[in-house]
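Two complexes follow with chain A in common, the first pairing it with chain B and the second with chain C.
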Partner chain A sequence: MTTIAEPRSRATRKTSRTNAEMIGWIFMRASGVLLVVLIFGHLITNLITNGGVHAIDFGFVAGKWAAPLWRVWDLLMLWLAMIHGTNGVRTIVNDYAEKTSTRLVLKSILVLAAVVVVVLGTLVIFTFDPCPPGAPADLLPSFCKA
Partner chain B sequence: MTATAQAPSQIGEVPTFEVRLKVRRYLPPEPAQPLPYGAPAPQAEAYWEEFTVRVHGTDRVLDALHKVKWEQDGSLTFRRSCAHGVCGSDAMRINGRNRLACKTLLKDLDPTKPITIEPIKGLSVLKDLVVDMEPFFASYREIMPFLVTSGNEPTRERLQSPEQRARYDDTTKCILCACCTSSCPVFWNDGQYFGPAAIVNAHRFIFDSRDSGAAQRLEILNDKEGVWRCRTTFNCTEACPRGIEVTKAIAEVKRAMITRAY
Partner chain C sequence: MAAAAPASTRPAGTLYRGREGMWSWVAHRVTGVAVFFFLLVHVLDTALVRVSPQAYNEVIGTYKNPIMGLGEAGLVAAIVFHALNGIRIVLVDFWSKGPKYQRLMLWVVVGLWVVLMAGFLPVQLVHTFRSH
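And then the complex of A and B:
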C-alpha cells in the first residue's frame, strides 16, 4: 500500500532562531563604516603624504609605531578587517558550499587562518621594538645607534 | 477606388508570425514495480525539445504552450489556471528570467531566436515545467499568513485609516507564484532559506495595524535561515510579476527586527 503524505503536514525545517545572524549583519555594516575611515587614513598616510610609497621601509614603520595613535589605528584595522573579512567569507561559504562536510572543512580552514593572522598581528603590534636591547649591532637598523 | 472593397478586412487584423519554443522537458520514469520505502527513485535525463508554432501578435507565451499541447504534443506538462496573471500557477523561466507565461507577450521577446522555457529553479522538477512547490508553501505557512488579534472581538469591523492601509499595500499584491523565491541565489543552494515570498507575506501582516502577531513573526524570521540570509541582490524584485518591491520589504522587516531588539 502506498502512503500519501498528509497534505498539510508540518514543515520539516529545523528552526534555528538566534540573534547571532542579526548581530553579524549589523557588525558588517558598522565595521564597514569604520573601515572606510581606517583604510583610507592608512592609505593616505602611507602612500601619499610623508614622501609617498617609496619612503616605506623598516624605519618608516618603526617611526609610525613610535606613536601610540598608529598602533591603536593598526590594531583596530587588523581586528575589524579580519573579523569583517572572515564573517564575509563565512557567508559566502554558507551560500555556495552544498554539503555539510564541505562547509565544515572550509569554515575550519577559514577560522584557523583568521586566528593565526589576528594573533600574530596583535603580537607584533604590542611587542614591536625596532632596537631590541642586547641584539647584535650588525642586525640592527642604522637609526638605532643614534 | 477598388482598394476600398479590401480595406475593411485589413482593419484590426492581427499579424501572425512563427515562433520557436525550446522547452526543457523531463519525464520521470515509472518504476516497473513499486519501490521499497526509501529506495532512490530511478532518474531520467532532462532534455531540450523545440516546437514551432504560428502565433498572433497578441499572443502570450502561455498561448504558444497551449498550441503545442493542444495541436502537437499533448504530453507537454505545465501548470496554469487563470491565464490572466492572477492565480500564480504558471511561473517559469522564460529566456532565463522568471516570469508568468500568461503575462509575457511573444511580441516582446526576440522572435528570431528560439524562446527558451524552463521550470523555475531551486525546486525539484516533477515533470516538464511542473515543480514541487511544497518547500515554498511550507515556508509560507510558517510565517503565519493569517490575522492574529488580541483582546475582545469588536462588534463591528476592525477600522483602519487609509494611511495605515497604505503602509503594507505593496505586499498585499503577492499571488504566491514563486518567481521571486526561485530567482534567489541564496534559495537555489540548499533551499533552507525562507525565501523572499515568505518574507513578503510576513511583511503584509507585520505592518498591518489590525494585526498583533508581529513579534511572533519577527521571531520566526530571526532565524539562521531567515531574513539575514538575504544578500540584497534584488533578483526577487526584478522577477516579481506583480511589481512588488520585494527587497525593500525585506529591508523593512530587517529594520523592524533591529528596532525590536534595541
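And then the complex of A and C:
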C-alpha cells in the first residue's frame, strides 16, 4: 500500500551538488551548435567540392590530414559527435526500456561501443602514417615520393 | 489487455500529443539514432587507413556504388534535418520568443531543409551516377 505524504511536506528528493543531467542538457546544445559547423564543413569538402565520394581514397585522407587543421577538425568532430550521440541514445534507452536490468544492459553495450570507437578513432588520427612502408606507390599521396 | 494494463505501463500525460511539436520530436529522435549508427560504422571504416591503403580503398569503394550513393543522400537528409531542428530546439530553449514561434520555426526548418536538399541532391546524383 502506498502512503500519501503529509500535506505541505517538502518533497524529499535525492539531490547532489553537481547536476549531471543539467550538464548533459547544456552539452547537447553547445556541442550540437559546434557539430552543425564541423559536420557541414566535413560534408562540403568530402561530398561536394572535391568531386564527391568518388575522389575519396587513401591519398585523399592523407592529403587532408597533412594539414593540422583537418586533424583537429576530425578529432573534435569525433569526440563531440560520439558524446552527443551516446548521450542521445542513452536518453532514448531511459525512455523506452522499462526494466532496470534492460536499461543497464543496453547502456553498458552503448558505453562500451562508444569508448571503443572514440579510443580507436583518436589513435588513428594521432598515429596515421601517410607513407606506410611497402605500400604500392600509386595508392600513396604524391608527397611520399620526396 | 488495454483495460487490464497496470497504471505504470500506461503512457503518461497527453498534453504534448500530435501536431508539429510532437512530430518534430519524433523526427529528431529517428534521425539522431540513424546518424549515430552510421557514425559508429564510419569511424570503423575510416580506421582502415591505419591497416593499409589497399584495405581502406577497398572498403571506401563500397561507398561509391549507386545504392550507397542513394544511402548517402538519405544520410545527408537526416543530418540536415537534425542540424536545423537542433538549432530550433536551442532557440526554443534560449530565445525568449522561442516557445511562441516554435511551430513557425519548424516550417522554417522544413523550408530550409527543402532548399538545402534541392541544392545537394543534383550534385550527389551526378557524383553517384557519373561514369568512372
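Some observations on this one:
Basically, the second predicted complex is superposed on the first by the 113 of 146 C-alpha atoms of A that agree within 3 Å, B and C clash if a C-alpha of one lies under 4 Å from a C-alpha of the other, contacts with A are read in each partner's own complex, and residues count from 1 in each chain.
One rule holds for everything that comes next: a contact is a pair of C-beta atoms (placed from the backbone, for glycine too) under 8 Å apart; a residue touches a chain by one contact, two chains touch by 3 or more.
Just so we're clear, the structure is a prediction, and the values are computed from it rather than from any experiment.
Legend: residue contacts after superposition of the two complexes on their common chain; A:43 is shown touching chain C, with no touch to chain B.
Judged by the touch definition given at the top, the superposed model places A:69 against neither chain B nor chain C. Once the two complexes are overlaid on the shared chain, A:24 sits against chain B while remaining clear of chain C. Set against each other, chain B and chain C differ in how many residues of chain A they touch, and the higher count belongs to C. Once the two complexes are overlaid on the shared chain, A:57 sits against chain C while remaining clear of chain B. By the document's definition of touching, both partners, chain B and chain C, reach A:98. Residues 98 of chain A lie in contact with chain B in one complex and with chain C in the other. Residues 9, 29, 32-33, 35-36, 39-40, 43-44, 46-47, 49-50, 52-54, 56-57, 60, 63-64, 69, 72, 76, 79, 83, 86-87, 89-90, 93-94, 120, 123-124, 126-128, 130, 132 of chain C are the ones touching chain A in the complex. Contact residues on chain A toward chain C in their complex (touch as defined above): 29, 32-33, 35-36, 39-40, 43, 47-48, 51-54, 56-59, 61-62, 78, 81-82, 85-86, 88-89, 92, 98, 113, 117, 120-121, 123-124, 127-129, 132, 135-136, 139-140. Taken together, the chain B residues at the contact with chain A in this complex read 34, 138-139, 141-142, 185-186, 189-190, 192, 219-220, 222-226, 228-229, 231, 254, 257-258, 261. On the chain A side of its complex with chain B, the touching residues are 2, 8, 11-13, 15-22, 24-26, 91, 94-96, 98.
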